[in-house]
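Scrolling down, you'll hit the structures one after another.
One chain, chain A, appears in both complexes that follow, with chain B as partner in the first and chain C in the second.
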Partner chain A sequence: MRPRVDVLVIGAGLAGLMAAWQAAVAGCRVRVITRGPGALFWHAGCVDVLGYAAQDTERPVAAPRDALLHLVNANPAHPYARVGLEGVETALSALQQVCEAAGYPLRGDLSHNWLLPSAVGAFRPTCLAPETMVSGDLARRDPLLIVGFEGMLDFYPELVADNLAEQERPARSVRLDLPSLRERRQLTPVTLAQLFEAPEFRRQVAEALRPKLGRAARVGFPAVLGVHRPLEVKQDLEAKLGREVFEIPTLPPSVPGMRLYTILVEAVRQAGGDVFTGMEAVRAEAENGRVQAVFTEAAARLNPHRAHAFVLATGGLLGGGIVADADGHLREVILGLPVQGPESQTKWFRQEFLASEDHPVYAAGVAVDERFRPVGAKGVPLYTNLFVAGMTLAGDDVIRRRALDGVAVATGYAVGQHAARSVQEAMR
Partner chain B sequence: MNTWPVELTLDNCIKCTICVTACPVAAVTDRFPGPKYEGPQAARFRHAGQPTPDHSVDYCSGCRVCNMVCPTGVRIAEINARARASMVAQGALSWRTRLRNNVLARPETLGRWGYRVAPLLNALLHSTWARAAAHVLLGIDRRAPLPTLVREPFTMWFHGRPTPRGAKRRVIYFHGCSTQYYEPRVGRAAVRLLEAHGFEVIVPPQTCCGLPLLSNGEFEAARALYRDNVRRLVGYARQGYPIVGTSTSCTLTLKEEAPELLDIHDDDARLLAERTFDLSEFLVSLAEEGESTPVDLQPVARRALYHAPCQYRAHRLGAPSLELLRRIPELDLVESRADCCGIAGTYGFKREKYDIAMRVGRPLFDQVRESGVSVVICDSETCRWQLAHATGVPAVHPVELLAKAYGV
Partner chain C sequence: MRGFDAILVEKRDLTHGTTGRYHGLLHSGGRYAVKDPQAAVECIEENRILRRIMPHCIEDTGGFFVVTPWDDPDYVPRFVDGCRRAGIPVEEVPVDQMLREEPLLNPHISHCFRVPDAAADSFLATEANAESARQHGARIWTYHEVTRLVRQGDHVVGAVCHDLVKDEEVHIHADLLVNAAGAWAGQIAAMAGVEVNIIPGKGVMVAMAHRVVNTVVNRCKLPSDGDIIVPIHTVAVIGTTDVKVSDPEHFPIEPWEIALMLAEGEKLVPGLKQMRVLRAWAGVRPLYQETVVADTRDVTRAYTLLDHETRDGLRGLITITGGKWTTYRQMAQVTVDRVCEKFGVERHCRTHEEPLPGAERAEYHWLGAPLARVERERAYGRLVCECELATEEDVIRAITEGQARTIDDIRRDVRLGMGPCQGGFCTYRAAGIWHALRRPRVTETNVALRDFLQERWKGLLPVLHGQQLRQERLDELIYLSVLNADHLPGPTVSPLAPVMYEPAGGTQRDGPST
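After this line comes the complex of A and B, so read on.
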């Protein structure tokens, strides 16, 4: 059997796409397969690198670099420790470059976390944020106006403003009832984002909004300011309103996440790779310590994907890459890799749902060696050409730590290069 | 290979609305609220033996884009197709609509008699007054891209030529109605290509795969056609011969659509499904087994746009045609970024849906025009007609360019 691709990446979230992009840039023929484009469509579009440190879960991290240093020294099995601080930095700036080139700059660096409002007006510490969001920084205390749209699903400007005001950020809300929206049967974030691409719609919005601006120094919209040219939309609105404008991430489908998805998929394709959706990986075949093929569900039969190297970026417990059996035993779904985590269901959670400590189940994942290859009990890699990235990795509750995206970007980037190297070795 | 019965998948829905944002029809018309509402949500209100509550499901084009993006595997398009079938069974569509749908969904009936008088019939059917009459009386849009009947159907050419000798292996070719009556050039290219690979090509008697009827909710008529094909083809499948098709919707129907929608899961149906391949899928698998291309490919110096039709993506194979086309030297390939051309089989031919179909396809039409290609490549017949109609750029099946590169 002759593999049609060099690297097969399973999963098209941040980790999978970063890995695919890097492997493709390194000259490999890459194919990404994914069940649905899920993860990034749920994504706020920011890169949280480290929002809360283990030793202080109440106060957000102000400077991720220092906290990271502490983290990797304290926990050498942490995914960040495997990549190293320098590796994290390289991966983040690679992502920043590709976004910048696409006209959608991500602002920030490891020296500082932004504090941005969430869809319910909570404070969200995050390291990299799209330019369209940074004026929402809550380190500033100048007054905000939060805008919503009558008929838009799942965005409540009053809630955002009330919660911000309670946290001593002067904020008011307004809901726009635009005639041009009334005739639309449904207003998903994507529908609105498409409308915002049209100058005429922006003019209507600005006109309706101008009398309501009051003392607000900046105006927060749900993150629907255009699909393709958000910067242009933001700048146009700023010019029309005479105020700074920013976006607040919404519930899924999340437009800023989709923008990242589009940028990364395009980067993979530009580098010669393919991305296919609607493909669910169900099992794999291995021989002599190497994965030979991964099979996806297809019409009438399973479809084999042979490759020299494989990247598992299936999103762990969140993404369905790890599931629990009826008896509470955790299982990696494609290869049946051993999962590190609580051994029985009674140990998954702490007594209190909102406990300040981590729930053990969320740190569950696949243990890997220094090249991100899954290992067995003795620390020996189970397969020499299989690499794991993102949420599937063991080592930390990255959700609670607000480190999900940073881990995905950093490990995805590193794994892409490990996979490419392993292909080169196999060819030799 | 779906492990879940269609109806059960609706419980997987997590209401993420991703399908709604991807649905090309919901994006351009307010007549269709989108896959989440029509599929997993409305399905909760549809019960056997009770009137179907919402008729807007008829605006689902069946393109399956929603299935491809759903993160939890809800089989939305199939849920919608079944809902349409119960509308038909319950008489929710007017007799005129059903008559129109049946005319559109039975390409074989016209073809079988019509080719004998093709020039006359073409002149008649394509005349302005006939189109106007069909538009008003039947509801077949006067602007829709009706194909032209040929005088020599594919099988007439095939059986009329000397059988090439010396082949060591066999393959069964499923041509489908369009190759038979409208575009036999696709079948000729496929046969030559397979022969170049050392196959003896067998073309057994076959009928329409039934997909047009399935997508018009005419399940009982589709069942008869499908059963007929199983009966005619399963013997070959049993002998282990691959059954290869050039129409991605026919092969998808044999593989999955028909058995699944009609709930036919007997051994014969399964065997036929397992042995059915799309031509590009088949050729790529030969290469994967280590077989090299029998000839050095000759350059085809053209700039071409490849669009993978919805019905091909629904095979969930990736893009085998693209893999083959990429091997052709000097072929300057532009890849379509669009999900759908709009036509969706018989959908875009219908008076009330023509404009929707054209709006759905607009991004793709724009890409074709802006990319300055001299030809469009697409695996599905109705999509080719739609693309050529909307852009004025000729559209071919991948196998036609491959045959050229093979020099056959």
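After this line comes the complex of A and C, so read on.
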């Protein structure tokens, strides 16, 4: 039976969506199946490429390109090394183009990391930031006003401003107690983002804020400035306040992350692919060194999804693609791929939660060859048509390195191309 | 309550010691019915009293004693007989009835007996006692660690404490000192130059992330490791080991202890090992015996009052030690009886008669109560801790009315961070509310945030796997990546930081060096 799709992608995080989009652009029929949206909904909505290098965990990386060069030379098995510096650059530009085309530009490049305020007021290094965040640039020293909303439990302007001031950035905070918000029982980031889409709400905010602006040159809001048209919201507020406006990422769910998710899903669909949520891949079937089908569970039976090539972008320990059991075994859940990690459970963690060095278990993952195909003990690919991207890959604690999004974008992009090539080979 | 001017000092927050680190069982006494009849009698007497004076701290779960295929059936008649002698109500429950009530219990259980065990919230109970004491004029100073006792000849006349928060020395003069330092009682006595042989008996507990059972379930056998599951609030706790340790402050949780708890728990609830494990903790029992023993399980759970004047010729010091959480009130009663005697006054104890603050409605706590309150007050949108349903109002009250010095102190008041996400969302929120209300130098808030994350990590570290590991990875994503909380300004070490589960002198875990 001829498969209905060429490439089946498992997982709709940044890695899975990049892979799906690339494979679709390369002319493949692509289907993405996913249990739910991936880590995009949890993360800041920026692209962290390399925020802290392993050899200096205190000072943020100033120029990601230089640090990446060092990293790929020192660690040839690192996901970035598999992609190569040029590949990373190409993947990032490709993402930037998609976002630009969607009216949501991501600013920055590998020559420099932004330092942007976090929701506790720490300096957050990131490589690509949406247009809505870049006025928060902490390389600048002009005064900031941080705005919060009475009733919103996921953002504390006092904490942000005081920590910025502690680090010699003049900052004040203000909390808006808007009458129109008082009747609301719940003020999540998403609720607020929907409210900000309405001009009338923005008028109320601006009116309440104007007398409090003082010397502030720029005004920081929690990252809730609209779901669909954030740039319009930002520009409108800037016009009303006469100040630059920027967003600060909040606790999950992440509105900027949702925007990226929406843009990428749309890009996949535009290129002819499909994205199905609520589908959990539970096992796979292989024959002659090729994966034949991946099964999802629905209504108490298993549904097969056949394809020429498969992309595993299941998010590792964070996404649930790798599970650690009580007896200390690390298991890749769909195909039972070998997982590379610390030999003993006693070596999984350090004593300090915020340890600057990695908890060793978090670098655990699936080892791959130069085409991102999972390999066995001798380095030989286990399946010729299975490709792994994102956090399921072995090699680094990408959260500690602040490289989560960069690794996802770069490996997802590369894997999309490898998968497409493998389809072309199979058709030949 | 009996008119003495009293100061209570505690080295950390209240319940820092063993009170805050047990499984939450209000004993019926059934556990000691055969082996330790004296302790059994004390337990059932106090069980009845505590239900009366602090029902709001107790969930009336009832308790089962069950005979599994691994247990000696000959113990059964001895158990029933022991309960009857101690005055513990006991009735046999047919196994099919038991399974109707607790469907996850092992169907191969052969006998089941019901006793009046219950679950008790020791944080809330301690706060209720402290509040009552305050209302009667007592002063309670937390984060005051006793550094030495002041002795004039053969008379103890006071204590010197270190105030950990202000980092200063505090001198307290007293006509009488009561040493109720639990597992630390030997150390306090030593400061006065007398020997009290406390054997710190470490017990490890493992919390499952949900209520595996709604009834306290005990194995019907002589007390041993991992033979009890206590449903408390939103979790179920498996306890416990009993390992003699040299130091009540520094001890590890060993991997074998976790494995043993899960393996024994599996005998009561098949499939337990596949369920989500939330957390582990360990406390030290203050076991007292005049002679040295090898196995701490053989030491009585009854309490002992030591009058050092008659025992050692040292006036001004009384030690109360041994005992169980369940018998705390009785221990206090006999202690203050002795205090009255010392001062030559006759004032009667009323603690068994007067309900504690918070018990006004005379209703037991029940599992759904926090949710019912959130629904009644329509507070869904005001939840700082979604897992344990702690509202913004609760947290504000704990900060402004309570004596919270750390976010962990807020946790003990309102259960913040005790649920499945283990502080993932609420640590940030609590730190933000704390900072907005108190407006301290921001580096102090940063330390409070760090300390609480580390405190939660402390109990996760021994058990982290499965879904809880995935959750922890999300918490890392939030605190490292979204917030960059590991690069906040200010000191990274604090005197109020949690004491990790590791032996004295640092870790001997077979892990990477830090």
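One rule holds in what follows: the second predicted complex is superposed on the first by the 426 of 428 C-alpha atoms of A that agree within 3 Å, B and C clash if a C-alpha of one lies under 4 Å from a C-alpha of the other, contacts with A are read in each partner's own complex, and residues count from 1 in each chain.
Note that a residue touches a chain if its C-beta (ideal position, glycine included) is under 8 Å from a C-beta of that chain, and two chains touch if they have at least 3 such contacts.
As the structure is a computational prediction, the values presented were derived from the model and not from experiment.
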Pick one for A:Tyr362: touches chain B only (first), chain C only (second), both, or neither.
-> second
Which partner, chain B or chain C, is in contact with more residues of chain A?
-> C
Which of the two partners, first being chain B and second being chain C, lies in contact with A:Gly36: first, second, both, or neither?
-> first
First, second, both or neither for A:Arg290, with chain B first and chain C second | neither
Classify the contacts of A:His70 with the two partner chains as first (chain B alone), second (chain C alone), both, or neither.
-> neither
Touching A:Lys347 in the superposition: chain B (first), chain C (second), both, neither?
-> second
Go through the superposed model and pick first if A:Arg184 touches only chain B, second if only chain C, both, or neither.
-> both
Which of the two partners, first being chain B and second being chain C, lies in contact with A:Arg229: first, second, both, or neither?
-> neither
In the superposed arrangement, which partner chain does A:Pro252 touch: chain B (first), chain C (second), both, or neither?
-> both
Do chain B and chain C touch any of the same residues on chain A, and if so, which?
-> 42, 153, 184-186, 252, 320
In their shared complex, chain C is touched by residues of chain A numbered 39, 42-44, 48, 58, 60, 118-125, 151, 153-156, 158-159, 162-163, 165-167, 175, 184-187, 249, 251-252, 254, 317-318, 320, 323-326, 328, 344-357, 360-362, 399-400, 402, 404
Would you mind writing out the residues of chain C in touch with chain A in their complex?
-> 255, 262, 273-274, 277, 378, 380-384, 392, 425, 428-429, 431-433, 435-436, 439, 441-443, 445-446, 449-450, 453-454, 456-457, 461, 464-466, 469-470, 473-474, 476-490, 492, 500, 502, 507, 509-512, 514
Residue ranges of chain A in contact with chain B within the complex | 1-4, 31, 33, 35-38, 41-42, 153, 183-186, 188-191, 194, 252-253, 258, 269, 274, 276-280, 296-304, 306, 320
The chain B residues in contact with chain A across the complex are 1-3, 16-18, 20-21, 27, 30, 33-34, 67-73, 252, 255-256, 273-274, 276, 284, 287-290, 313-319, 322-323, 335
